[in-house]
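Okay, got some structures for you below.
Two complexes come next, and they have one chain in common, chain A, joined by chain B in the first and chain C in the second.
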Partner chain A sequence: MDYAIAGYVMIALMALFPAGAIASLFVKRKKAWFSASALILAAIAAVSLTLFALHASLTLLQVFRFYPFSELVVALFASMLLAVDVLAYEYSSDFITFSAFFGFSIAGMLLVAMSNSLITIFIGLELMGVPTIFMILTHGRTHTEAAIKLFVLSALAIAVLAFAIALIMPYDPSLSITGLSTSSLVGGSSVILLSMVLFAVAFSTEAAVFPFNMWVPDVYEGAPGHITAMLAGINKKVAFVAMIEVFFAMFLYSGYNFQPIFALLAIATMFFGNLVALVQQNVKRMMAYSSISQTGYILVGIAASTEFGLTASIFYIVAHSIMIIGAFSVIVWLAGKNLRTVNEYSGLWSKNPIAAFALTIFMLSMIGVPPLIGFIGKFLLFSSAVSANLLYLAFLGIINSVISVYYYGRVMLSMYSDRRPTRRIRMAGAVAAVVIILLVATIAIGIFPGPLMHASALAANSVMLGS
Partner chain B sequence: MLALLIIVPLIVSSLLALLLGRHGKAIKYLSLLGSLGSLALVFFASENAAKAQAIQWFALPGINVNIATYTYPLNMVLLWLVGIITPLIFAYSIGFMEKNSEQSRFFFEMGLFAAGMMLFAMAGSLITMFIGWELLGVTSYLLIGFWYRKADAAPAARKAITIVLFGDILMLMAIVMIWNSYHTFSIGQIMAAPSQSLYLPLILIMVAAFTKSAQFPFHEWLPDAMAGPTPVSAFLHSSTMVKAGVFLIASLFTLYLDAHLLPIILIVGIVSAAFGAVNAMAERHVKRILAYSTIEDLGLMFVALGLGAFAAAILLFIVQAFYKALLFMDAGVIMRANEENENIFKLYGSKAKKTMLYATLFGVVSIAGIFPLGGFFGKAAIGSAAASTNIIAYVLLLAIELATGFYIFRWYFIPMREPPQTDASRIRGAYRVMPKSMVIPSIILAILTALSAGAYYYLPMLLTRAPYAPGSAFGSFTGAAPAINIADAVVETILILIGAYAAYLLYSRRRAPTLYTHRLLSHIVYNAPVTNRAYAAFAMAFSAVGVAVYKTDAAIYAVFAAIAHSVIDLGAAARKMVNGQTSIYVLAFALGMIILVMLFVM
Partner chain C sequence: MQGILLLMTLFPLAFLAAAMLSGSRRGPAIAALSNAVSIAILAYAALSSGGTLSISESFSYITTIPISFSLRLNPASFMLLIMSYIVLLAASVAGNHEKESQKLAASLIILLQVAATGLFLSGNLFLYFIFWDIGVITSFFFLYSMGSPLRRPAAMKFLIYEMFASVLLLLGIITLYFGTPVHSFNIAYITANAALIGTTSQLLVFAFLITAFLINMGIFPLHFWLPDAYTEASTQGSMVLSAVLSKFGAFGVFILFAMLPIGAEAAKYTAALGAISAFYAAFLMFNHKDIKRMISYSSILEMGIILIGLSTLNVIGTYGAVYAMLAHGLTIALMFLAAGSLTHVFGTRDIRTLAGAVSRAKSTAYSFVFAAFSATGLPLTTGFIADLLIFIGAYAAFGFSGIVPLLSIVMLGAYMYFIIEKSILSTRKESEVITHASASQAFGYALLIGSILLFGILPFTLLGFVKI
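For the complex of A and B:
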């Protein structure tokens, strides 16, 4: 069967976003833009899932590649973007401007996921990153600092990425990922090694890996909530997708060993995120650090550098997107009600039981309490470390999971204690729907992890096979 | 029947409690119904034959994770205990929580707590066991911190979770190491093939069990956990949570036997029992005395396991559940009647509730180990085992018995005396309006405490079949009834009575002359200055030891506090790195890149 048509449809749908972004400068209708973007995202998710179900695999226009991994990831991004779209619609002060930048960002994200070339990855990351800075900027002067920090660090990262690609260039000017993996990188050259380390650094910045993550807490705290949710839930995952494509499909295939790099980064990131989160009072900032530590867990699977490790990482990427966007949906809503610190969260249980329950479940899942999605993810990650003879990495991961109980526990205890009589507070229907859907996913996938696990395994397998 | 079904009524009722919220009037009865449902299912599930069941949870090539249960005589004993005690505690909670607006949260957490213990008990794979273990830890944290308004509740909950989480880390590490060498999570398969690679995991599991069972030096959290509501204490100390550690060692007993780790268990048990007994003598807080006595009881169970007296350990394991639940419930009743006072010297009893006085006496007599109640058989069996195998342990056990007799009667006599004239009518009134649901469970438990003596005769039948590995050393421990040597029993009983008598003289005679009539012997002893002084010195010596022990305790706590603080300080130092200055961030980026390049390229 010919999947090419479906592939072209995907590319066309993706191209609709930047086109729509430009059009939105002239047509200022909030509802129309929301419905249009939501519909297109849903269509992308649907087409992509269909392709995934058919195990379709093809390369289009030399730079686009559809195979189970990219199809799974595109479906994930599209559905998570839908959630962010809803949040932005509710909370953005200027939705039209937001959706103009958002359109470019979406195109960038999908481009990275579908790319088969280092150049597409480069362009995709840029296309995603730069509009994000403007999205933060347009939300008022208070957010300028966050935007500048993101800008400086993104600029550094993109420069490093460009240099890393340049180092590969002499070996294979095609810069096609599958092409590279089949041809010329074989054999250890220290130039290639340098390029590999620089790739790790470049992706680490967007993925919030210590010590390239310093911008994360400031930006997460300073940015408007729906953008924070996007940064933590999607942008970071895009960086991981790029990382997986480059490292697993290219370097691992050519016999390069990157295990020690990522093991080191994983340990540093887990400890940094968890230890600093311990002393945070502002919940949004605490979640920023917590998401750094979660990055560390994902790196454990990448460090394993086996198919099993990759399966675990893909599973956890999906899991973390679900948990963090769910948690931020609640946190953003509360910040809108001027509730920001752990102490201000007290009594949430009596103010809005569903929100309190949902946040509890998301946090328990991030700790890794069975039978939630986070438990399965961590279980796979640490098992993959053990089977790759990285027993110490599994141990350190366990210790970190336990440290995280303290700061999540503080929020949870606070929510269930009410010191004074309180009035109920209501959540907008659309946001509540997002929270509940993600909550159900967190619990349901925890109890029945089979389908997502097999999907991750299939995706991992398709990456490892190369072209 | 699928054993996993046992926990379903409890989980359903606790979820309903959560969903109904604070407006649900029926929450308490629903929860009681749920716990009775679980009890009924325990009844249906109980067979004497071992039975393994597994439901696949998820699988990947090389990994197969099941929710596996394995019911065999030993864990059926624990399931029965939890099954029987849960409805009683829930019934007691109905009265206890009648004025509290947070019943929904309370019954939700209690139901999950009970379900966690049952899941832990019936687990047939390490993963299933860990789920139950973790559920216990999390819900106990929530329950201990239930009264967050009380100043001591939050620190107590934090201390408990710190120590329990330390145990969780060790447990997970052990599971990872076992999986690394066995590539299976099934406890049965691991038990059937013991090997050298199990040595380190077994040590880790043992320490994890000590944290859960509050053994030295992890015992600190248990007395502090008294900040929680009384039903929680009664539950925590009788059949759930602290019993998990003992049960874990008991179910892996053959492995510990093969690995020659029993002496460590013995020593830790003895030290904890001594710590508990001495602290209980010096303590004034009505519930903390009982908490220290739990540490002692659990220590004795570990002593029995350490001596290889498996059946004796299980016997005490069974009877302790009943008398400790009973004592805590009565402590709650006394506190309620005395405006929630916790100091035993400010608590008073009343003849208005004679049934309660007698019910409590059942518990006191049983815990002291006086014939013919359950406690006697448990403690005498352990004493006899020690007498025949380890004379040092035996001597220490006798001293502990003496102390037990003393402190538990002190605990009984002081709060049970008649109140002073000024408060008499108020306190009598408070006893009169005591909710029935708080009194009836303790009467039932008093009866069960008496009946639990029968466990001594039925134990061999309960444990006839070797649980995991047929033909292993296990068989020789399960076949026979725990031996009780008459001479040892007599010696112990005499020591206990001496302790009890000392308590009677010191606390009952002098301070509450109206509660008990004169008796000739006490009259003579009380009026003889020499004996009187001797007893005073005796009490002084005990308190001095108590103070010394308390100091040691404080030192141990200081170590834990220091660890916690250093972690937080580390966090603060790390936070300083992120101080909002972009140049620092860029520097960190550059340094990180340079270090990575130097490490991996050059």
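For the complex of A and C:
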């Protein structure tokens, strides 16, 4: 069967977003834009999953590559973007303007996921990052600081990335990942080594890895909630996807060992995120630090630099997207009711039991309590570290899991304290649907992790094969 | 019958749904029924095993990493299961004097029932870990949502200690998995091939796992969460925490010693630690006037004795320890039930103000006295059989020094009988008011006392399955 048609359909669907974004400036119909974007996202997810199920593998127009890994992450991004779209529809003050920028961002994310070239990765990251800044800006002056911080940091990251690509260029001017992996990066050239470090820095900034994460707490706290959910749940994962494409498909294939870089980054990131989160009062800020620490866990699998490690990382990327967007859906909704700090969460159980239960499950999952998706993810990550003879990394990882118990625990305890009957607060139907779907996914995949584990293994295998 | 163990593990989920959907007042009945059904299924499974009490089942679960859903019933898990069900049944019927949060309590009891069933039946370490954590989180919510006003800090302390234990357990399991020649989580496989695992990784695994288990059991010096948690929990909470949850770790030690050959070298150290823990608890107990705190220390003492039994590594001592787990579960549950009832009636936990309890709440006071008999190993109670077997085993393993810890039980007895004489049974402060135990409480007392006597007088009903 010819998969090329499906591939072109995906590219066309992706291109619809920027086109629609421009059109949205003229047609101001909120509902229409929402339903159109939701439909297209659902279509992309469906086509992508179908291709994944068929194990399709092909390269189109030289720069697009469809193989199990990209198909899996495209499906993930599309479905998570759908969730963010719903949140934005409910909470965005100006949905039309938001969706204009959102359209460009979506195209960027999907571009990175499907790319087969360092240039498309570059363009994709840029396309994703810049509109995000404006999305934050359009929500009013109070968010300016966050926007500026994000702008400066992403400009820096992009510059570093450009330099890293430039260093690679002499080895293969086509800059195609599959080409680079098979051709020329042989030998211990210090230029390649430098380029590798710069790639690590660039992606680390986007993915909020310590010490390149200074922008995260301010931006996460300052940005409107649905954008925070997107930043934590999707943007960060896009950077990881780029990281995996470059490091696993390119450098690892050419025999470069990047284990020490990522082991170090993983340890620093986990400890920084968890220790700082301990003292936070604002829940959104706490979750920002918690998401930094979760980034560190994903890096554990990358540090293992084996196929198993990659499987674990991919699994945890999916898991963390689900958990964090679920958690932020609740947190954003509460922020809208002027409930922001840990103490203000007290008695949430009596105000809205479902929200409290959902947040509890998401947090337990992030701690790594079975039988939830986060547990399976951490189990795989630490297993991969042990199997790659990085027992110390696994040990530090679990120490961090214990540290995180304290701050997640504080939020959970606060929700169940104060049982005086209070006025109930309601959640909008669409948001509640998002929360419940993600909640069910968190529990169901935790109990039956087989399919997702298999999918992650397949995706990891397709990356490691090189071409 | 293939699938009976799976049924036993999963059917309570239906009761859980029922408990969550039905009204608050039906909660205790649903939880009790769920445990009664479990006892029935367990009895059926025992009868259908043809006198061996060993059944194993395996279902495919995850294929990417070979993890099967394997369950196995053996005499040790049988004893612990029957104890857990009896205690949970008694707790759900009689434990909630205050009638607070009945629905939540019932749901948590059923969840704990699932956790205990899965853990004691688990045939591979992955499942063991999953059910361990379900048990820990359930107990945490139990502790957090019901109990004294000081329960919340205690709950947080409990959670942090137990999560530390659980991640060490996870790390140990993962290390063990990659240490086995053909990577596997299956306990039977690991036991058969443990000699092939390198000494260093055995030592690492042993260190990780034993630390996790000792935290859960509350062995000195890892016990600091325990007195607070047991004391501040509600009556039901104290019962299930002390009787069921603490056995997770003890059962783990049982598996661990059977699994890794390096245990033989470590056994004398764990035995010493058990003895230290027992004496430590015995000495500290004298300081406390709080009846629940005193019982908590008696629990640390008993767990120390159990650890000694498990460390003997001979069949008598080991099964003595398993029997002691059963005895300890039933006894401590009865003690906490009676103590909780006294606290409820008198409004205080202070031993000095409980003076004359017998004149005011007769059946409760005598139940407490009976529990003290069993805790100190009086003949005809389960405690006697347990202590007898453990110290025979300890003598065989460690010689004369093995029976020195018996002194700690003497100290326990001395203190227990002292406070019973001075406070609970003293008649110098006769009370005018007489509180009768309600029917549900009487049922709880009768069930626990009956079980203690049954397994004390007829130990061969359970021990007959073990070839000693």
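Rule of thumb we're sticking to: the second predicted complex is superposed on the first by the 464 of 467 C-alpha atoms of A that agree within 3 Å, B and C clash if a C-alpha of one lies under 4 Å from a C-alpha of the other, contacts with A are read in each partner's own complex, and residues count from 1 in each chain.
Throughout what follows, a contact is a pair of C-beta atoms (placed from the backbone, for glycine too) under 8 Å apart; a residue touches a chain by one contact, two chains touch by 3 or more.
Keep in mind that what you see is a predicted model, and the values were worked out from it rather than measured.
Placing chain B and chain C on a common chain A by superposition gives a clash between them. Legend: residue contacts after superposition of the two complexes on their common chain; A:453 is shown touching both chain B and chain C.
Contact comparison for chain A: of chain B and chain C, B touches the greater number of residues. When the two complexes are overlaid on their common chain A, residue A:200 makes contact with chain B while staying clear of chain C. Of the two partner chains placed by superposition, only chain B is touched by A:149; chain C is not.
Of the two partner chains, chain B is the only one touched by A:214; chain C is not. Looking at the shared chain after the overlay, A:260 reaches chain B, while chain C stays out of its contact range.
In the superposed pair of complexes, A:391 makes contact with chain B and with chain C alike. Looking at the shared chain after the overlay, A:417 reaches both chain B and chain C. Residue overlap on chain A between the chain B contacts of one complex and the chain C contacts of the other covers 311, 364, 369-371, 379-380, 382-383, 386-387, 391, 394-395, 398-399, 402, 405, 409, 413, 416-417, 449-450, 453, 457. Partner chain C is touched in their complex by these residues of chain A: 311, 364, 367-371, 375, 379-380, 382-383, 386-387, 391, 394-395, 398-399, 401-402, 405-406, 409, 413, 416-417, 449-450, 453-454, 457. On the side of chain B, the complex with chain A involves touching residues 18, 21-22, 57-60, 62-63, 65, 105, 127, 130-131, 134, 138, 141-142, 145, 148-149, 154, 157, 161, 165, 168-169, 172-173, 176-177, 179-180, 567-568, 570-572, 574-575, 577-578, 580, 582, 584-586, 588-589, 591-593, 596-597, 599-601.
The part of chain C that touches chain A in the complex is made up of residues 61-65, 129-130, 133-134, 137, 141, 144-145, 152, 155-156, 159-160, 163-164, 167-168, 170-171, 174-175, 177-178, 204.
Touching chain B in their complex are the following residues of chain A: 145, 148-149, 152-153, 156, 160, 190, 193-194, 196-198, 200-201, 204-205, 210-212, 214-215, 217-218, 260-261, 264, 272, 275-280, 308, 311, 349-350, 353, 357, 364, 369-371, 376, 379-380, 382-383, 386-387, 391, 394-395, 398-399, 402-403, 405, 409, 413, 416-417, 419, 449-450, 453, 457.
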